[in-house]
Structure formats: structure tokens, C-alpha cells
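When the chains are written out, they are named A, B and C in that same order, and each has its own residue count from 1.
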Amino acid sequence: MSTEIADKNRDEFDIEILNTVGKPFIDKPEDIKMATRDCDVFYGDKQAIFGVDLDIGKNEIIAMIGPSGCGKSTYLRALNRMNDTIEICRVSGSLTLDGQDIYSKKQDPVLLRARVGMVFQKPNPFPKSIYDNVAYGARLHGLVSNKADLDDLVEASLTKAGLFKEVKDNLQKPGTGLSGGQQQRLCIARTIAVDPEVILMDEPTSALDPIATAIIEELMDELRHNYTIAIVTHSMQQAARISQRTAYFHLGKLVEVNATNDVFTNPEHQLTENYITGRFG
Amino acid sequence: MNKSTQIVEAGLQKRYAKEKRFRLYGLISILISLAFLVILLADIIGKGYPAFQQTYVKLDVTIDGEVLGLTAESPEDKLYSASYSKVIRNALREKFPGVTDRKQKRALSNLVSKSAAYELRDMVVENPNLIGTSGSYWFLAKDDVDVFMKGNIDRNLPESDRRIKDYQLEWIDTLVAENRLEKRFNTVLFTEADSREPEQAGIRGALMGSLYTMLITMCLAFPIGVAAATYLEEFAPQNNKWVDLIEININNLAAVPSIVFGLLGLAVYINFFGVPRSTPLVGGLVLTLMTLPTIIIASRAAIKAVPPSMREAALGLGASKVQTVFQHVLPMAMPGILTGTIIGMAQALGETAPLLMIGMIAFVSDIPQSIIDPSTVMPVQIYLWSDSPERAFTERTSAAIIVLLAFLITMNLVAIMLRKRFEKRW
Amino acid sequence: MENGDHILQSYDQELEEIRSKALEMGGLVEKQVSNALQAVLERDVELGEHVASSDADINELEVEIDEECASIIARRQPAAGDLRLLLSIIKITTDLERIGDEAEQIGLYASQLGNHVSNQGMSAQLRHLGELAHSLLKLALDAFARMDDEQAMDVAKKSRRVSREFDDLSRILITHMMDDTRNIKNALRVIWCARAFERIGNHSTNICEFVIYRVKGKDIRHTSLKKIRKKLYPETLKDKKSDDE
């Protein structure tokens, strides 16, 4: 990209007319799992997200990267209405899951969160046994009727999360006694147990060592076949390793969305380039 | 070695000395407070320990039907109303026949507590066949005898300075020589309510009063306090001026002098709602008011300390707000909440001032049977006894303090055990 | 560098160092080629031998640059522009090293050729070819030094002429060989020289392709020029059309 084009982009950004570059939209409607159009998020008077247009495809891992405070986590949380708990937070625009507006009055947030699960930055197992941790969601929603089914569900979820072999003899031990990586996998198992359609991950490996991170990344790659995954990460290498598409956020705006390969070898936008090459923005 | 290293090295010794000194100061202050505690406890226990023993007198009593005007067939109300003190007096006179002086006669009958007559009556009522028989019975000794037996009256003092005169000493010596005076464990202290006679005064009334009052306080303050704290922390709208106002007022209430709560209780509960005065019910209500701010503040702090990640985890799995709070936040905050509750309850247990205002200072000689019986509470009882002129009440005051402390420690132990159980689930 | 500085200054320094080393290598190679050309054209046996023996510096530099690139990739995990810069440098140094080898060959032939070339037409054609290849290399290195994709595009366009020149020369040489079989030995040497110059031209084109890859992020190897233009410079196509009209 020549200097001239880069400057042009920057000017556009400065005057706050920003069109997302790249391919934020998915051509085939049947491939779209979630879609947001003109999504704004406000914290009180402060606007945190500015008109984000983005499609999230079925069975893809989409990574959201950007500097701290760029709004990527806020956007992620808007996708399963976790922001509802923050009183001053307001979301506008259209956000849909399978074409249905998730912010409509008809949409129950509890049901939404059962369909759009979330894994958080810090592994946060409940101070209960491993078994109870995984069974929690299923019990909450009454997904299973008897103990045997619940046992099966717990085992299946732990297996999918790649944790069953490690903990099968210690299911009644507290989940908080596991290592950080195991705890995070327990949290993933707990999320899977509710059988969501989309899993949102908010920096799931930022508290983990590289080996545990690699295990989680491998797991995510497995999960991709059954779930849609949107991940916010501070590690660009992680985004590069696991995602199919990468979205770059900057100051609350979606700057660029492209295939991860393209973003990391040849980003379209100067801001993206600056961020992923570690330059002053 | 560069310059700054040299400077650092030069100052190092001084710094270490400073640290050492500071540690020493800390140690000294802890030792001082420990010393005070030990002195206090030693004093109280030293003074209160004798109260757990009481002197008894053995008398040969002839339950003379003629003296009493009774037969074995007399109806029960007759049995009750007969003058048993005469029998006791006769027994004493028989024992010491030489006494003729009126003053000495009265002194003689004062060797034995007035309760002796009641004890005798109870025995007779239970078994009317005793009428006409005679036998040896142990009776409570009068407080002066008790005080003397415990060595608190010096017989070498001139007679005019002694509460026990020479002739009384003689009787006591005779009784001791015949093994008719004996110190036993003081069951009266734990089975009886307050009395004007020190040897008959017990703390059971106050203990039960305190227990009922604490029960009421606990049952009201804990749920209300936790509910209020939960609402304010989890559900109340943020940055709302009404909520802020409530918060400020709760914090202020914690600093309000407790007697004000007593006035409030008097005005609102007794005068307006007509709750019976001097009862554990109204006492509990007033103490609830006083304890609430403490519990609310402590509970809010505990709830605030629950990591937000726990709430997010539950919400993210599709738990509703209420489910999140009740299944995760409150159990995790429970140790902190319980600590706050213990502090509040301990405060309430030791509180006197507000209870004075609602009449719990009244002299109550019956053990309260329910929350609407007039009663007093431990600290008030201690206050009452410490105010009494009789020498024997001094040791009872200390004994009551010991019992109060034991009550407090038991309460705290239970709470700590509860807390440990909740903590385990982390 | 046009993108502003990295937050890590040492990263900038390393990239700059690697780039200047690549440029230094380019300079060395260019000097070798120009010396080889001079040796062939002026029948300078000594210079030819000198060229043939001084390829070692270039090889050493290539190894050095490769090592540094590997170290940056391992330690910095370059992405986007930085990644493309490193990849293009690795590729370009390979091409430069090959060019160096070709120059070495030319020097060798020049020393063997001595004064034997008599045919004027052949000589002129060889000069033509050699100068063209040399100028392509210079332009390519210039484009690389300035990361000028448009100049690189021009070089790529010009490079077709090299093959044409080579074809012309080989036709002349065949005639020359048919004239007198004794000429065959020298004619073969000349044609090998010509072949080497043609290669140099092709390698220069490769360098240009990597310059374009670095700047535009598109790999244009094995793609026709027209398609490249359509893909990367749609505006120039339009300009052309309007010019035509």
C-alpha cells in the first residue's frame, strides 16, 4: 500500500467517516449465523461502538483483534446481551441470530445466553465439584430428566472439551483445584453442556501458559465443526493461528474484516497493518 | 561499586534498625493489650469464681403440724399458705437454745436464707406425709454467712466494723464444727431469676431474656439485612439519587448512639404499636434496628467482594439474575456476611442503653417463658447487680460477666463453624 | 520505511540493517555484472578472471542475510508488510546470488574467450543484450531500494525484450557457426554468455516481482502482465483507454 493510500485512509478515519474495508459480509444468507448492522453501543453518554456491520458465519472462528479499549469485548458482549447487566449500557442497531433480532422484546435474554454461550478471560469455574460445574447449566435449564442422562451429558461435554481423561476419577473434586488450563477447559465444557449454537470467547487464553493455550486452541479447532466461535484476543498470533476471518477494531469502529490469511500477510487498511506489525498507530 | 550503591549501603543499617524498632513497637503494643486482657480476665474470674459456690446449712427440722396448722390431709392451698418460716426459726432456736435477745433472735433466723421456708413448703406440698416427721435438711445459708465462709469477712477486725457480730461468729463456728456448713456448687445461679436476696439471685432470667432477644434480633436482622444488602448491591439502580440517599443513611445509622434506638423503640414499638414493654420481643425489635446497619454494611462489602467473573459465568450459562445471586453470589459472600452478623450480634448482646429505654431494666424475678414475658438481659442484669449494696452481689456481678462472655464465645464459635462450612465450598 | 516506526526500536534497526545488507549485496552483484559485461565486451581476460574469482563475498552476504531473516522470523513473528519485506528479501537475495553466479560464469567465459570474437554483428548484439540485462538489474535494484512498485512493473515489462534479444543473437550465432565450424567453440562460449545475460534479465524480473509483492501484497509470479495490470493497477488501464481515445 503506498503512502498516499494510507494517508487517505487515515484522513477518512479522522473525519469519522469510516467504512469497514474488506469483507464484513457473507454472500450466502444460509451461511450467516449472526449478523449485526449499524450496531452502536453506549455506556451512558459515551459511545463505545460505532456502527458495526458484520456477519458471523456458521462453523467459522472469527477473531476480533485490536488495541485495548477498542470495543472488541464490548461488541462481543453485545452478541449475547451480557451488557444487559450494566445498567448504563445501551445497544442500538440490528443484531440478529439466525435472522431473529436478539434485542427485540420477544427475545428472552436467558434463552439467548443458552444459545450463545460465553467463555471468559479468567477461568471462572464455580466453587463446586467438576461434575456440578458441568451439570450446572443443564440443571438450570432442565435439559435432562434423570441422573443417568446427566452423567452422560457431563461425560460427553468433558470429552468434547478434552478434559474427561484427566478428571474422570476426580469428578467430585472441586473445579477450582484444577490447573489454569484445565479450569478453562472445564469452563468450555460447562458452556458446551448447554449445547449452544455460538460460543463467544473473551480472551480465553490470556491467563494461560503456551502449552495450555495450544491445547485450548486445538480444542477450538475441533469445536468449530459443531459451533460458531467468535473470539476476542490480544494475541495476534493466536488470531492468526486459529481463525478463518479476522476483524480489526479501532476506537470502537470496525476497521477491517478479511480472511485471516489476508489480514496477516496483506492487510488492506493502514491501521490494521500498523497494529499487527507493532507500529505506532 | 557505583555511587548510588554506596549511598544505599550507608543507609542500610539505619533502615534495618528502623524496621526492627517498628516490629518491636508492634510487639510491645500487642503485649500491652494482652496484659490488659489478662488482668481484666483474672480480675473478673478471680472475683466471679467464688460465686459458683454457695454455702448451705444443715438443719434438723421438725415439721410440726401444730406449728403449721396442717395435717397430711390438708388441701393444697392450705399447704401453700402455711408459715413454714416458723418451723425453720424453731429449728434454729432448738439448735442454739441460749439466744434470748430480740436482736440476736433475728440474727439467728438470718443464718438461713428466706428461701429455706419455700424449699420446705415445696417439699411438704409434694409429700404431705412429711408433716409430723423430723429430719435433717440442707438449706441455703444467708448471704452474710456465705460471704464469711468464702473468707471475705476478716474475723480479726473490731466487732463494730464487721457485718458479722461475735455471737454470729460463734454460731457459725459451732455449725462448722458439726459439719453443718458446707460449700456446694451454686445451682441457684443458673436456675433462678433475679432476687433481692443475693443468695437466691440467679441469672437464668437474664440469660433466657438475652437468648430470646438475640433470637428475635437474629431472625429479623439477618434476613432483612442480607436482603437489603443484596438488593442494594445487585438489583438497585446505579447512580440513582434515592439509592444513594438510602446508602448514606444506612452508613449514618451505624454511627447513631444506641440510646437513640431505644428512644425510637419506645416511641414507635411501645407507644405506637403497643408492643408490651420490658419484653424480649420489643428488645429484639430495638436491637434489630441497631444491628441492621452493621449487617447491611458488612454484607454489602462481602457481596461486592465476590468476583464479578462468578456472576458472568452464571449469567453466561443462562442463569437469571436472581438465580445468579442466590446460587452463586450469596453462598460465596456468606462467610463475610456471617462475620458481619457475628459482629452485629455481639454488639447487640452487650448492649444496655437502648434496653433501658424500653423498660428491660425492671426487676424481674420470674424466668421468662416466652418472648412476651417481661424479662431483662445479661448486661442489664450485670448493671443491676453491680449497683446493689449487698456484698454478695459483687461476686455475682463478676460471675454474670463470666457467663455473658461464655455466651458470647459460644455464639461466635457457632458462627465461626458455620463460616468454615461455607468457606469449604469455595 | 513508509509505515512509520515500530514500537520496538530494535526491530526497526534490524529490519533496516537487513535491508541495507540486501542493498549492499545488490551493489556487489551489480558491480560483478558490470565488470563481467566489461570483460566480455573489451576482451579483458584479467578482469574476467577477477570476476570469476570474487563471487565468494556475495555468497557470504547471502548466507548472512538468510540467517538474519531466520532470526527475525523466529524472534519477532513479523506480519503483513514486515513479513512480506522479509520474504521478498529472502527471495531477492536468492536471485541476486544466482545473478552473481551468472556473472561469475560470464567472467569465466570472458577469460577463455580472449580476443577470439571477430564477428562485429555478434559482438554488437552481445553488447546490446548485456547492457539491457545490466540496466534491468540496475532498475530492479533501484526499484527495490525505493520499494517503487511502478518502476518494478516497468522493469517486468522490459524484461520481455531480453528474450527477444537473446533469440536474435542465437540466430546470428547459428549462422556464424554454419559459416565456419571452427567458430563453434567460441560461438558456444558467446551463446553461454548470452544465456547468462538472459538469465540475469529474468532474475531481475523476479526481483521486481518481489518488490511488487512487498508493496502490493500480491504474488504476481506466473501471471501475464495484462492480468497483473488488471488486478493491481485498474486505474492505469482506464487511463490507457482514455489516452487511446
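As a convention for this text, contacts are C-beta pairs under 8 Å (C-beta built on N, C-alpha and C of every residue); 3 or more make two chains touch, one makes a residue touch a chain.
In this text the structure is predicted, and so the values were computed from the model without any measurement.
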Open item on the list: Is the structure still one piece when subunit A is ignored, or which groups does it split into?
Closed with: B | C
Open item on the list: With centres defined by CA atoms only, which chain is the most remote from subunit A?
Closed with: B
TODO: Indicate, using Cα centroids, the chain positioned nearest the centre of all protein chains shown.
DONE: A
TODO: Quick one: report the Å distance separating subunit B from subunit C, using the average Cα coordinate of each chain.
DONE: 102
Open item on the list: Report the inter-centroid distance (CA atoms only) between subunit A and subunit B in whole Å.
Closed with: 60
Open item on the list: Please tell me the distance, in whole Å, between the geometric centres of subunit A and subunit C computed from their C-alpha atoms.
Closed with: 48
Task: Shared interface positions of subunit B, touching two or more other chains - done: none
Task: Contact footprint of subunit C on subunit A as seen in their complex - done: 1-3, 6, 236-237, 240, 263-267, 270, 272-274, 276-280
Task: Residue ranges of subunit C touching subunit A (in the complex, touch as defined) - done: 2-8, 11, 77-84, 149, 215-218
TODO: Quick one: which bits of subunit B touch subunit A in the complex? Just the residue numbers, please.
DONE: 237-239, 307, 309-321, 323, 328, 331-332, 425-426
Open item on the list: Using the touch definition from the top, list the residues of subunit A that touch subunit B in their complex.
Closed with: 80, 82, 85, 87-88, 110-111, 113-114, 117-120, 122, 124-128, 136-137, 140-141, 174, 176, 187, 190-191, 194
